[in-house]
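Alright, structures below, take your time with them.
Shared between the two complexes below is chain A, which pairs with chain B and chain C, respectively.
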Partner chain A sequence: MNAQDIMFVVLAVFITLSALATVLSKSIVRAATYLLFVLLGTAGLYFLMGYTFLGSVQTMVYAGGVIVLYVFSILLTSGQQEELRQSTLQKVIAGSVITLIGIGIFVGVLWTHGFNPVELALSKPSESVITMDTIGTQMLSTDKGGFLLPFEAVSVLLLACIVAGLVIARKR
Partner chain B sequence: MISIELLLLVSAVMLFAGIYGFLTRKSTLAILLSIELMLNSADINFAVFNRMVYPNGHEGVFFAIFAIAIAAAESAIAIAIMINIYRQLKSISADKLTKMKW
Partner chain C sequence: MFDFSIFTKWLDALMLSVMPEWLTLIIECVLVALGIITLYAIFAMVMIYVERKFCAFVQCRLGPDRVGPWGTIQVVCDVLKMLTKEIFSPRKTDRFLHGLAPFLVITASMTTFACLPWNKGAQILDFNVGVFFFLAVGSIGVVGILLAGWSANNKYSIIGAMRAGAQIISYELSIGITMLTMICLAGTMSFSEICQAQADGGWFIFRGHIVAVAAFILYLIAGNAECNRGPFDLPESESELTAGYHTEYSGMDFGYYYLAEYLNLFICAGMASTIFLGGWAPFVIPGLDGFNEIMTMIPGFVWFLGKVFFVLFLLLWERWTFPRLRIDQILKLEWKYLVPISMVLLVLMALCVSFGLTF
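Showing the complex of A and B:
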């Protein structure tokens, strides 16, 4: 096992345990904190695969922005002392059965499908698979493989989102 | 040792943790947390398939970036709706929400 394998195992265990804790913990503030750990672990996976830009976007937008928004809204609405009300036992059992069946089918398909992946040579920390230069050029190009149209669509979506957030949450 | 199946297994566990939370939680904010888990596992899948199966293209990275932007927008709107509901009903539990319009 080299250092990258050890790092992958650490990240995988960390992500799995935090994801389970997110949906099982009693307090909603704790659930939000565990979600923060899941998102940071995901950023670690992106760094491990060499997608450094994606990892930084994940850290800034998700871990820095969305989680803060969630904690704010949790404190604005329910308050931290409120425990999450438990579902009925029947509902918990039904949910677990559906989840277990689903993950069984999913993992079975994954294991028998037989992807033909390329031999993975994980990049060193100094080099990334896709550079910032490529991302910037491709994001604004109209050639083949350019992403100008979705880029503009997302900017319009964000504008609509600002307006809608103001309209919905304003005091009447 | 790091194989595509192991990377996809991590995201599958995350996805089904999200589905379990979506089915069993009562508070709408906790349901939103589960939705974030599911979206995040989809982002991991984009990056993994791009890196492990088609390393010469960059579509998966761009899709993941756009998905992150859309997820941030979606959670902002959803939280605005939650705050509005809390003002009207003084509760955000999913089983108290029985009216679409008031």
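Showing the complex of A and C:
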């Protein structure tokens, strides 16, 4: 066990516990806060692997996303003490079946492809750091493995969001 | 110019020679953390004193003058008072979230504080995406503010928090774009490389001439708004909302907000001096060799702190001169004026850089 492995275990336990707390919590704002912890823990994993850009994006996007969740839960739920409704037996059964299927797929993929945290978490993170130049060039490249098309597709999505927002706000 | 990394490398090698690697790593981490926390506390106290005296000066008062010479011990007394006060939590609230909120704010503030380049080779967090990391971590602070407002079960708090959310998220946009303008000139996002480039070729505010000066002014406006300070102090406007989102906090929980507010101002000034005024880079004029030699003899951290306090002076001046805006005026200023202007500046800077119109 070197320092990298220890950090990986710490982060993994943190993420798992926060994820459990997210789904088990009854208060919607608490669930959003635990979700923030899950996402920050994931950002920590990216930093551990040397993907500083991805880690920063994760932090920035999801900090903002959780704020929107807060605002929604403040505006759309009535009152401070409202708790999520108790689960019925049907919901519990359906949820556990879906969870089992998910675990099955996940474990199956890991089993067939092999999972070695030491190899994945990169022994020398400083050498594997990808520079901003590479990311920027790749983002706007039309070559093989370039990301221009998805990049432009996302901007269409944003345009649709803006138009929809205007339509809703302008309705009289 | 003295390179601080000589000292850190020597310390690292010395510790590696007597103890195993993991122990060295842990001891170094603890030392760095202690360094950050000490500097953080010291600068918070300095800032509070400076703010009180400056505010008094602007308003034709004397400011604190009873405790110690020129009131210098006043801040120490205030800190002791805050440390010994009782921490209470209001009834019918979510205690866990109420307690968590100040820590989110202070963590975001301390992590951004660690990004500042103090001297050549003396910086704690230095990624290749440094500026972006700085913006990303800074945005966690808003989560703490919104959480504080919601978990206090108080109308003043929630109004303050919602205002803070709208305001900070809006102004983050123009801060990001102005920083992008300067990155466009620098060609790198790492703070150490940005400072090194300015030490080698002159400060960016001179090299980017008109565009850089405009971006600097824009950054000062947006920076004050980002720190929730007047004329943008709506989230905690004391005459309408008691204290805004931290109304229901007492003792050191309130103290964390207080600390984070002042240190965010310091960080904002530090960032301005890093990306516009050269960080630890000395002021040199090409051709005047004797003058340049004297300037280079002044250590880097003195240059850095000098620039930070100069920018702080500008920020405080702005804060105590203008009256508070209304929420619609704040949003209008950002979305109708600052964002378009900063976008135009970004395009102008890109044109200047690609046509070689910079120095």
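One rule holds in what follows: the second predicted complex is superposed on the first by the 118 of 172 C-alpha atoms of A that agree within 3 Å, B and C clash if a C-alpha of one lies under 4 Å from a C-alpha of the other, contacts with A are read in each partner's own complex, and residues count from 1 in each chain.
Definition applied: a contact is a pair of C-beta atoms (placed from the backbone, for glycine too) under 8 Å apart; a residue touches a chain by one contact, two chains touch by 3 or more.
Nothing here was measured: the structure is a model prediction, and the numbers come from that model.
In the superposition on chain A, contact is made by A:Leu39 with chain B only, not with chain C. In the superposition on chain A, contact of A:Leu140 is made with neither chain B nor chain C.
Contacts of A:Val71 after superposition on the shared chain: chain C is touched, whereas chain B is not.
When the shared chain is aligned, chain B and chain C each come close enough to touch A:Val57. Contact with chain B, but none with chain C, is seen for A:Thr99 once the two complexes are overlaid on the shared chain. Within the superposed three-chain model, A:Val29 lies in touch with chain C and out of touch with chain B [touch as defined at top]. In the superposition on chain A, contact is made by A:Val154 with chain B only, not with chain C. Once the two complexes are laid over each other on the shared chain, residue contacts for A:Thr131 go to chain C alone; chain B is not touched.
Between chain B and chain C, it is B that contacts the larger number of residues in chain A.
Counting contacts by the rule stated earlier, residues 53, 57, 66, 70, 74, 129 of chain A appear in both its interface with chain B and its interface with chain C. On the chain C side of its complex with chain A, the touching residues are 21-22, 25, 92-94, 96-97, 100, 127-129, 132-133, 135-137, 139-140, 142-143, 146-147, 150-151, 153, 158, 162, 165, 169, 188-189. Looking at the complex, you find that chain B touches chain A at residues 1-10, 12-21, 23-27, 29-30, 32-34, 36-37, 40, 43-44, 47-48, 51-53, 55, 57-59, 61-62, 64-66, 68-73, 75-77, 79-84, 86, 92-93. Note for the complex: chain A touches chain C at residues 2-3, 27, 29-30, 33, 36, 40, 52-53, 55-57, 59-60, 63-64, 66-67, 70-71, 74, 80-81, 129, 131-132.
Against chain B, in their complex, chain A makes its touches with residues 1, 4-5, 8, 12, 15-16, 19-20, 22-23, 28, 31-32, 35, 38-39, 42, 45-46, 48-51, 53-54, 57-58, 61-62, 65-66, 69-70, 73-74, 76-78, 84-85, 87, 91-92, 94-96, 98-99, 102-103, 106-107, 110-111, 115-118, 120, 122, 129-130, 134-135, 138-139, 145, 147, 150, 154, 157-158, 161, 164-165, 168-169.
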